[in-house]
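Look for chain A in each of the two complexes below; its partner is chain B in the first and chain C in the second.
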Partner chain A sequence: MTDQTGVIGDVRRGMIPAHVYNDREIFELEKERVFSRAWVFVGHESEIAQPGDYVVRRVLEDSFIVTRDEQGEIRAHFNMCLHRGMQVCRAEVGNASHFRCPYHGWSYRNDGRIVGLPFHKDAYGGEAGFKRKGQRLLPAPNLATYNGMIFLSMDPDAPPLEEFLGDFRFYLDYYTKQSASGIELRGPQRWRVKANWKIGAENFAGDMYHTPQTHTSVVEIGLFREPKAEKRKDGATYWAGAGGGTTYKLPEGDLDERLRYVGYPQEMIERMKEQWSDDQLRVIGDDGFMISAASVYPNLSFVHNWPRVAESDDVLPFVSIRQWQPISEDETEVLSWFAVDAEAPEEFKALSYKAYLMCFGSTGMFEQDDVENWVSLTNTAAGSMARRLLLNSRMGILEDDRPVVPPLGPDAFHGPGEARTGYSEYNQRALLNHWADDLEKPPSKAATLEVGGPGEGAQDAAGRTSANADQISLPAGEAVAQA
Partner chain B sequence: MSTDLPVAPASAAVAAITAPESVPAGNPTGTVPRTLSEQSALGGHASRVQRVGRSLPFDDPRHLQAHHWLVDEAWLLDAQAYEDWLDLITEDVHYLMPVRVTTALGAGYDTARGMAHFDEDKYSLSRRVARFLTEHAWTEDPPSRLRHHLSNVRTFQADAPDHLVVESATLLFRNRGDVREGSFVSAGREDLLRLVDGRWKLARRVIMVDDSVMRMQNLAIFL
Partner chain C sequence: MPRLVADVEACQGYGNCITGASDVFDIDDDGVVVLLKEKVPESDRARVEEAARSCPVSALSVED
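Now for the complex of A and B:
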């Protein structure tokens, strides 16, 4: 594999080798070093509200059944039968107390434990040949939730999710904790685009600069009153912990007036006031900034906008959560959900959903133009000329790295991290610096499970056993082959 | 003469559109079965007129009119003559394209709950059309080459005068630029047509797309 030191060095000084947006070797490295350790979003607790509810989601090629077991616990099982490796669940959503492999009929409870093994006595000699007790579908190496959002990490030694998210949690609450009940997630719409996954993540992280150009048409048709060039650069971008985002500057007013300006009804505002910290409220009420797009490293993004939804001057806010799921160096599956506060009035939920559909997702009028750009960029990045071009991603800093605009002081911006108004690419650089950190760090060898071994469980190079190795002791290979 | 023909069972997709949806076993909400248009949070305003009886003979003047209407519409959509297309749509239209999901055979549903690709009224459709008419809808400048292939048209009487229910299959081919391969969307549709001042207009459309994961960069098109 090519030494990528030069690429990483260029990225760190804000000069992006154009080919990183369409390069197989880079993508292989990302699989090995980014998605093998990052916390990756797979869904929300509200999607599996009842015991037995499940959704099937992927981290790269790995399919997981994300389910709520009969005790209400959220689990993620690797979607592969322990016997011959067949997918045990081929639906993407449903409710099941058990999963039965269609190949030979091994079946598992929704907590992962094996419960049915046809001809256990005849084929294996019963427990003496194959200890059924304690066997379970392979759990995801790491699972954690924040505000009901379920994340997986392929690294059993990943830092705790909250530590990974860090101060971005402050901003995550605006999208996912507008009341004590949190959000309901609907969807996702799924579609594939011939674009590299990093482009969407970078765009949502901080690209206020594209809004007046790319999205001119939605302003012209009266859908959105905000993204005029003058308006957008008055907003602030911020980066904190694992993520960063953009904001709009709101007109003068107090907290309530500003939340009403973007379309929240008073009863929702009252719940926000109960739910959010003083500083979270000050960012809106005192500083006058309203969150818009954001990304969490590596591939999760958010958007909050407030378009018109009918022939009226009223606007309605919506929240979307989306994942840029990598398929290859030049293809991404977009999963785009609509999120709404669970305690919101039904009429608000319906109109907020309408606002989402008009703006984002597979049919969204903002998103349509974004994707056209990203597909075109990816296509152009494939050739040899792209290897000669370092894209300038230094907006907001001078040649000597001094800022064009200083960061906002604590009195002007009450959120954590570093924030500044105006157009810049600080956030895109922050995201790609995280990426460079991961690319530089050699992967630790994952524990392997020895199917058919002598039953010692799994050990990695350092001699550690995996979290579940003591529970997995599959029978000798011969017995499996004969089953 | 059509009475001699065997009655084919409705396809699963069409049944899902028209027949009240069966409540899946273990459905915690216990909701009353409803059509997809009725289930949509944005379908409350839509007409509830439904089909009656078997499909009309292919030489029935009502079928010929409905088929003619669909072919004309396909031509307008290929040509991206969206203002003319909007003229063919009633003020109370519900234009719905659910998100299809892969579910077990016995699940009783195969569309996402509370989520669609399109869930439109006349206002939102008019904004989409207005956007294409600006000079800044980049995704269609340069424009795609579009072809809506139309087939399997069946027409039914409706349970209200001056209405017809029309089923059809559509296969859209869309190609952009010179490097990328073209992409397809295959879908079944059920339309409610209404006679308004002597012209047939689209009052309700439910589009059952055959992909769960769309293979098109966006849906800056209509089906």
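Now for the complex of A and C:
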């Protein structure tokens, strides 16, 4: 594999080799070093509210059944039969007490334990030949939730999710905890675009600069109350922990007036005031900033906006959660959910959904504007000329690295992390620096699992087996290099 | 009341019955069907019969 030290060094000084947006070797490295260890979003608890509810979601090529078992516990089973490797569950969503493999009929309870193993005695000689006891579908190496959002990590030794998210949790609450009940989701809509996954993640992290150009037409048709798209530079961008995002500057007013300005009814505002910390409320009420788009490393994004939903001047806010699921170096599967506070009035939910569909999702006007750029960029990044070009991603810093605009002080911005007004690419650089950190770190050796083999013990609770499993495991890096 | 009959010699441990009626059928650690109830109310007959019929080796029946 090519030494990527030069690429990483360039990215660290804010100069991006254009080919990173369409490069097979970089993508192989991302599979090995980014998605093998990061916490990756797979769904929300509200999608699997009842025992037996499940959704099938992927982390790269790995399919997982994300389910709530009969005891109410959330689990993620690797969706591969222990026998011949067939995909056990082929529906995308449903409710089932058991999953039965279509190939030879092995079946599993929704907590992953094996139930049915046809002709165990005749074919295997019973337990003497195949230790059925204690076998279960392989659990995801790591699973954790925050505000009901379910994340998996392929690294059993990943840092705790809350530590990984860090101070971004402060901002995550605006999208996912507007009341004690949290959010409920609709969707996801799912489609594929011929674009590299990093482009969307970077765009949502901090690209306020594209709005006046790319989305001119959305403003021209009057979808937004603010007539000038360049209003965006009055907003602040922030980066904290594993993520960062953009905000809009709100007109003068107190907390309630400013939340009403973006279209929240008073009863929802009252619940926000109960739920959010003083500092979370101050960012809106005192500092006058309203969160808009955001990204969490590596490939999860959020958007909060408030378009007009009728002929009047009234606007209504919506929240979307989206994931840039990499398919290859030049293709991404987009998963786009509508999210809304579970305690919101039904009328609000209906109109907020309408607002979302106008702006994002497969029918969304912003979506179509954005994707046209991202596909074209990816396509152009494939050739030999792109290998000669270092893109300047240094917006907001001078040649000697001093900032164009200093960060906002604690009195001007009450959120954690670093925030500043105006156009800049601090957040895109922060995201790609996380990426560079991962790319530099050699992969760790993954434990392998034998299924009921000779001299092999049963899996423990975490799906690990006895020590001799290590003897036959290949270092993940070697496996990738052979691929 | 409908009575459940299991042929433990015929059972091959498919477990399809459990998917159909997990409150009535289970499989023990040796991979053989276990009846969790001997009789079921008439109102459960259709559901339990369907689960019994799902057995690929016809090890289960529901009798009067």
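Just so we're on the same page, the second predicted complex is superposed on the first by the 447 of 483 C-alpha atoms of A that agree within 3 Å, B and C clash if a C-alpha of one lies under 4 Å from a C-alpha of the other, contacts with A are read in each partner's own complex, and residues count from 1 in each chain.
Note that a residue touches a chain if its C-beta (ideal position, glycine included) is under 8 Å from a C-beta of that chain, and two chains touch if they have at least 3 such contacts.
Predicted, not measured: the structure shown is a model, and the values here were computed from it.
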Look at where chain B and chain C land on chain A after superposing the complexes, then choose clash or fit.
fit
Touched partner set for A:Lys121, first chain B, second chain C, both or neither
second
What angle, in steps of 10 degrees, lies at chain A between chain B and chain C when each chain is taken as its C-alpha centre?
70
Under the stated touch criterion, which partner chain does A:Arg100 make contact with: chain B (first), chain C (second), both, or neither?
second
Go through the superposed model and pick first if A:Asn22 touches only chain B, second if only chain C, both, or neither.
neither
Decide which partner touches more residues of chain A, taking chain B and chain C as the two options.
B
Determine, under the contact definition given at the top, whether A:Ser46 touches first (chain B), second (chain C), both, or neither.
neither
Is A:Ala91 touching the first partner chain B, the second partner chain C, both, or neither of them?
first
Touching A:Arg192, do we find chain B (first), chain C (second), both, or neither?
first
Lowest C-alpha to C-alpha distance for chain C against chain B (Å)
12
Could you list which residues of chain A make contact with chain B in one structure and with chain C in the other?
96
Listed in rising order, chain B residues that touch chain A in their complex are 24, 26, 28, 41-42, 99, 101-104, 107, 112-120, 123-124, 127-128, 130-131, 134, 136-139, 179-180, 212-220
Provide the residue numbers of chain A that touch chain C in the complex, in ascending order.
96-98, 100, 105, 107, 115-122, 126-127, 132-133
Mind pulling up the chain A residues that touch chain B in the complex?
50, 52, 90-96, 186-195, 214, 216-218, 220-223, 309-311, 333, 337-338, 349-350, 353-354, 357-358, 361-363, 365, 367-369, 371-373, 375, 379
Per the contact definition, I'd like the list of chain C residues that touch chain A in the complex.
12-16, 18-19, 22, 27, 29-31, 56
